[in-house]
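Heads up, the next two complexes both have subunit A, just with different partners, subunit B and then subunit C.
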Partner chain A sequence: MEKKKIGVYVCHCGGNISDYVDVEKVRQAIEDEGGVMLAKTTMFACSDSNQKEMVDDIKNNDLNGVVVASCSPKLHLTTFGNVSERAGLNKYNYVHANIREQDSWAHSDDKPGATEKAILLVRAAIAKARLTESLEPNKIVAQKAVAIIGGGVAGMKAAIELSNMDCPVYIIEKEFFIGGRVSQWGAMFTTNETGKEVVTRLYNDMIKRANVTVFTGAEVVTNVGSIGDFKLKVKITPRYVKEKCDRGKLQQAIDACPVEVPDEFNFKITNRKAIYHNFPSEYPQAAVIDMNNCTRCGKCEPICDNIDFSQKEEILDIHVGSVLMATGFDPYTPHDGEFGYNEIGNVVTLPQFKRMIELSGKKLRYKGKNVKNIAYIYCVGSRQEEGGNTYCSRYCCTSAIHASLLVKKKFPDVYNYHFNRGIRTYGKQESLYYDSSAQGDIYLQAYEDALPVVSWNGSKTIVKINDILTGGREMEVEADLVVLVTGMVPRADNSVGTLFKLPKGRDKFFNEIHMKLRPVETFIDGVTISGACQGPKNIMESVNSALSAATKSYSYVSKGELETEPIVAVVNPDSCAWCNACSEACPFDAISMTKDGTKSIAMINNSVCKGCGMCLPVCPTDALELIAYSNNEIESMIDALAHD
Partner chain B sequence: MAEKIRKSAKILVFSTEKISDPAIDMAGLLKLHYPPTVYTITLPCSSGIKSRWILHAYEKGFDGVFIAADGSDCVFGESCTEKTGEVVSRTHQLMKQKGIEPARLKMAAICSVCSESFVKQIKSFNEYLLKNTNS
Partner chain C sequence: MMSGQSKNISFDALVVGGGIAGGEAALNLATTGFKVLLVEKELSIGGKMIMLSKVFPTLDCAACITTPKVSEISRHPNITIYTSSEVGNINKIAENNFEATIIRKPRYVVIEDCTACQLCEQACPVSVPDQYQYNLVGRKAAFIPFSIASPKAAAIDIDNCILCGACEKVCPTNCIDFTQETEEIQISVKTVILATGFKLFDPLLMPRYGFGLFKNVITSMQMERELAPTRPFNTVLRPGDGKVPDKIAYVLCTGSRDASIGNPICSQICCMYSIKQSQLLMGALPMADVTIYYLNIRSFGKGFEEFYQQAKGMGVNFVKGKIGKIRETENGNGNLILRYEDINEGIVKEAEHDMVILSVGVLPNQDASGFFPKEELKLDPYKFIYQADSLISPARTSIDGVFVAGTASGPMDIPDSILSAGSASAEALSYLIQE
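On to the complex of A and B.
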């Protein structure tokens, strides 16, 4: 092997590392290590200026090994691999040492200990760099198609974008109607366009495209494969109503249905029948029978010929190269008694209130009583104490204030009282706050340790607060309706995420690799995330992330071929005696028997081997190694780390 | 002369790129502290760890080896848990043959967001090792 000439770069990461690790001491400790030709500290290893300096160093010093000691390799492995390649050095000769997440941050309570650990981590990386070899990536066929899980605004926008790039798309929507949460909204800020109008526009654009296939009542039940080659089984639940249906007779059949259940579309403030559709322009325009509640009484069948109980569940096979998650969110459901919810009769959530505005006629009434004083209680289910939902749901201040403007416009005699914890109508949304104040809405504010109290005095609902805007004075409002401004939470049923093994964050939403630098990629190669399944977002932000995720998913499949890591198992023919143990251990059938002269030995199929290493420990003669994780490499790292 | 009493045991962690390493990263992000004498070597999958690497670590002076296993989240398949368990069993046998206390090798499934679990496990392992190596 060519003698190694290694360049080492130890990063300050601003102060993220150097506030706790003495990076200059680290540099001095490793500069005389065998093979190290130059050792530098740098303020930001990932900065353009340092990347350029690295390229110059590699070229000018003819380096054939590079070590970067900085943040987690999850963030910058690709960055520094590309730096190496730009300098003409094969990227597999670059080794990363994580001295931020696994050192300076983890040991910020022990600076000398963190510095000592950094020295050993860098030495281990150097030990590995001494043994690295140039490698070429494997190439695999990538199926040029993307599955989008979720047919809300984010999913539809991503589908249109992928379709524009000539990429076949499958939308897999669990509900029987497309549109997600947005279809439930009435007029929305900033254009006052309704949710229904936005969904209609997207649906009409999407459905005319030959390369977009939409499945409703559809769920992914199994997933086999990996990036470039996901094989999905999708269960399609029947609607039990033929798509081309005579509307007049259908309505008669709905009227005849004796079953009434709370309507989830209206957040249970109204009821629907077991045979139902969401509203006159639901998509697809076809009713559905809810078999969980249908009693099979048979009253609808004689009325409408298009009711078809013979429809059967189907399982479809879909083969795609990438999966884009757009599964959205659920509104937070307050627990019983939280600000009087489910205990005091006139306490509703913001989503329920918005449906009430949409469905009300000339008077705003709730449970048969006119509504005049409306008290909005903010941050319900958001900004909670540790152990709860500590995050801000971002959209709710704007949504509540917008609702207060709509209700005042539609019913001018109402009064709005906003019990808030500081209004967060960021960006253009601030104008709503101004308009609300200008129309005479009253804002009362509290800190988290003295939240407003909702009580029932036997005849009226009272909301009480010590208002910090008036020096802590106790104020109270007799409320005809209390609206709990609820935030966003992850979908109650996020099992599809488990199916794809998607990591979740502390907030239980799906987690991206890096919030700023890789915001739509996940640790599962080939799976991207978009919209509110990733965390609270308004529609504009969801669409932005959907476009980004569509582009990223497309980048995986666009060429029809993908480069994968050349990390595969290799067989030492001298020590292999073919016992079949490795073949039995391999979950991908990548190992078979071959002849080496007269001797039987194992053979690895590089295009099938995934580089898991399951075959390594079962070999009785230690004839198998994993490229980049050889005995020499691992044991030399252990030697370096063991050194006191 | 009495041996120096150490404040923390020297532990080698085998983590996995996709599952347990993100959890260990997140522990740092959350400033969940654990002893700085815990060092991680990252591999694709915990079921690919060789017994000889573990034994090599003891030979070179590590007090303990902790396998932060993929568990049922392994991207390479469900058999990972069972196979990693087999690695541990085989290594325990070898450790016994060499007179090394098997409890110095510990395995726990660490999911990609199991930062608190990782830190808890490591602290408890550290305490066990200190108690046994300082006594």
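On to the complex of A and C.
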């Protein structure tokens, strides 16, 4: 092997490192290490000026190994690898030493010790740099098509964007109707457009496009493959009603159906039949028979010719290069007794209340009684104690206040009482809080240690609070309706995420790689996330993230070819005896069995393997090696670290 | 330098503003293969983010995550950057056809030849307040804007230069050129992205808080600089006497949620950056007490509420109350008396602190409203750029083909700015493709 000429850069990171580590001392300690040709310190290794200097150094000195001692490789491994590439040096000859997260920040109480440790860490990196080899990325074919899971506003917006960029799209919607949660809302902040109008606009734009295919009643059941090459099996549940359907006869059929079940679309405040459609502008405009509740009595069949019980479940194969998740959220469901929910008759959730405003006529009535005093209880299912949902759901303050404005406008004789924990109408949404105060709404506040109490005194529902805005005075309101301002939680059935092995955050929403740098990418290559499945968002925020995700998904598939990391596990067929231990240890299903002649051995799927190394230690015959992290390299690093 | 012969240049997109939103939008378009002109008013790209200490709630070092992005932008073959430049006007001729005048102000330094050796800085006899350190320290009239600036090249501040020529004499590469003049460049583009960012509220407009009068009352951006890796004092000091503060107060909603100063809306970022700074201060000055005076804590984003609880757990003191007035103590020790309504107890109180940070809010940058002489670029009631279809196409403005990214359309934090930039570049892309 060619003799290594290594350049080493020790970074101050402003003061993040140099406040605790004597970077000049580190530089001096390693400048005479074997193979080190130049050693420098730098204020910010990642700055543009230093990157340029590194490129010049590599070119002028013919360096064939580079080490930067700075922050975590999660931040800048790629940055400096790219610097090497720009100087004509294969990026796998670059080695990163972390002397910030693993040193200066961790040992801020021991400066000499931190400096010693930095020297050893840099020596270890140099030891590895002596052994690095140039590697070429693996190339794979990328199917130019994207599957979007979820047909709400985020999914539809992403589909339109991808379609504009001439990329075929499949929307896979679990429900029988498109539009997601937004279709359930009435007038919305900031434009007062209704959810129905927003969904109609998007649907009409989307459905006319030849390269967008929409599946409803559809669920991904299996996923084989990886970035560039996802092979999905999608189960289509039949509607049992043909799309072209005489509306009058359909209505007679619905009237004839004897089954009544709570209507999920109205958050169960109304009932629907087993044969149903959502409302006059549902998309697609076709009814459906809910087979879970249909008794097969057959009463609808003779009325309407288009009812067709012979329709069969179908399994479709879909082949795409990227998957965009837009699966949305569920509203939090309070447990029985939480602020009187399900125990006191007139306690509803905010989504139910919003449907009530939509469905009410001239008077606001609930369970046959006129509603005059409305008590809103905020942060139900959000900002809970450790163990519950500790996060803030972001949209609910604004949504509840907007609802209180709507209800007052529609029914001027109602009174709104907001039992809150600090109103969070961030940004321009503040204007709603102002408007609500101006219309005479009363705001009462408590902290988490003394939440309001909802009780039934035999004739009335009382909401009681020690209100901090009036110096802790005990206040009570006789409420005709209590609205629990429920937050957003991840979908109860998030199994589709599990299918793609998507990581979740501590709030159980899907997790991005980096909140600021890579907000729509996930740890699973080729799978992007958008909208409220990543965390609570309002509509505008969901649309912004959907467009960002669409751009990212497009970048994976647009060129028809993709490069993946060459750092993968390799199998030595001579020593492998296929015991299955590696395949069980692999978190990405990248290992399967193959035949080498008559012998069974392990096979690595290079486009799925993430180079995590989980398979290596479990192999009883040491038949696996990780490229760029070979035993040789790791042992040389350990030697350097252990050697004083 | 290109001049004379290179008038009337065409690009696919004009991005106005080289902060994190403009940079992200430019990169997205450039990566897809479109030619972008990025116009930045300041001497360096990177916007406000590059000046920050760390960012919430991940506590990433802002410089560490901004500089590589800035570097990627500045070396992208499809991106041309004009710093020290402003938009004169933009005229829409037809769909996918805009003509713009860009005014390039002289830097008096040939960027390509400057090695940032700083000899000119040492030679320059003029000292003025350093706007990039928010006036905490001084700089020369010949100066490098800041250590991680891009381009990293000197500039001459001609308003303060005494034309002594000292810098010219010491410059080893002869890159200082006092003959440079303002250039007007005509360009044609197919689409425009406005990423003109925001302005910080100027607390001089609230004399009752004593900013500018009492030296130990500073703004949150000044504290950001005191906490940054490239901080001017290398520690946290109060400017009045250089003492290390040990009883620090934050005044939230300075210039926000306050109709009396013309800004009724919430600035969306101040609660969180103040909580972040309080955590950094607890780390930098373990003995210091930090009190945050607030109306409502708005920790609404992913991981934000947990970050707020973490600050409470670290011992940051949160007091619900609006500060009415700040005055200096009479004994001359530079400490400050804050008069406020303690909402929990329902009484007016006073508290003494040795340093006060005003958490200043986000105001619109109205520059863009003057760009379009023939079309109407609508503004919203708060003078941010109006979003013509805020629910379905948040990046659309009142002019087709002109999109808005980041805080130009309203207050938002860094993750939201980046998503908004992704949204603007996606819409611009669709507009470009469908020509």
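One rule holds in what follows: the second predicted complex is superposed on the first by the 477 of 644 C-alpha atoms of A that agree within 3 Å, B and C clash if a C-alpha of one lies under 4 Å from a C-alpha of the other, contacts with A are read in each partner's own complex, and residues count from 1 in each chain.
Here is the rule we go by: a residue touches a chain if its C-beta (ideal position, glycine included) is under 8 Å from a C-beta of that chain, and two chains touch if they have at least 3 such contacts.
Being a predicted model, the structure only gives us computed values, none of them experimental.
*Asks:* Have a look at where A:Met515 lands relative to subunit B and subunit C in the superposition and call it first, second, both or neither.
*Replies:* In the superposition, A:Met515 contacts subunit C only.
*Asks:* Regarding the shared-chain residue A:Glu53, is it in contact with subunit B (first), subunit C (second), both, or neither?
*Replies:* neither
*Asks:* After the superposition on A, what does A:Ala550 contact: first (subunit B), second (subunit C), both or neither?
*Replies:* Second partner only, subunit C.
*Asks:* Considering only the touch criterion stated at the top, classify A:Gly505 as touching first (subunit B), second (subunit C), both, or neither.
*Replies:* After superposing on A, A:Gly505 lies in contact with both subunit B and subunit C.
*Asks:* Looking at the overlay, does A:Glu478 come into contact with subunit B only (first), subunit C only (second), both, or neither?
*Replies:* A:Glu478 contacts neither subunit B nor subunit C.
*Asks:* Identify which of subunit B and subunit C touches the larger number of residues of subunit A.
*Replies:* With both complexes superposed on chain A, more residues of subunit A are touched by C.
*Asks:* Of the two partner chains, subunit B (first) and subunit C (second), which one does A:Asp330 touch, if any: first, second, both, or neither?
*Replies:* In the superposition, A:Asp330 contacts neither subunit B nor subunit C.
*Asks:* Quick check for you: in the superposed arrangement, does A:Asp435 touch first (subunit B), second (subunit C), both or neither?
*Replies:* neither
*Asks:* Would you sort A:Ile539 into first (subunit B), second (subunit C), both or neither based on which partner it touches?
*Replies:* Second partner only, subunit C.
*Asks:* Output the subunit A positions appearing in both contact lists, the one against subunit B and the one against subunit C.
*Replies:* In the superposed arrangement, which is not itself an observed complex, subunit A uses residues 505-506 for both subunit B and subunit C.
*Asks:* Spell out the residues on subunit C that touch subunit A in their complex, using ranges where they run on.
*Replies:* 28, 31-32, 55, 57-58, 60-61, 63-65, 67-71, 74-75, 116, 147-148, 150-152, 228-231, 234, 257, 264-268, 296-306, 309, 320, 343-346, 380-382, 384, 387, 390-395, 410-412, 414-416, 418-420, 422-423, 425-427, 429-430, 433-434
*Asks:* Which residues of subunit B touch subunit A once you look at their complex with the stated criterion?
*Replies:* 10, 12, 18, 21-22, 24-37, 39-45, 47-53, 56-57, 60-62, 73, 75-77, 79-80, 83, 86-87, 90, 111-113
*Asks:* For subunit A, which residues are in contact with subunit B within the complex?
*Replies:* So the residues of subunit A in touch with subunit B come to 72-74, 98, 100-110, 113-114, 116-117, 120-121, 124, 226, 501, 503-506, 511, 523-524, 567, 585, 587, 610-618, 622, 626, 629, 631, 634-635, 637-639, 641-642, 644.
*Asks:* Report the residues of subunit A in contact with subunit C in the complex, numbered from low to high.
*Replies:* Contacts found on subunit A: 13-16, 43-44, 46-49, 51, 71, 75-76, 79, 86, 153, 157, 161, 164-166, 188, 190-191, 193, 198, 201-202, 383, 390-392, 394, 422-431, 434, 468-472, 505-507, 509, 514-517, 519-520, 534-536, 539-541, 543-545, 547-548, 550-552, 555, 558.
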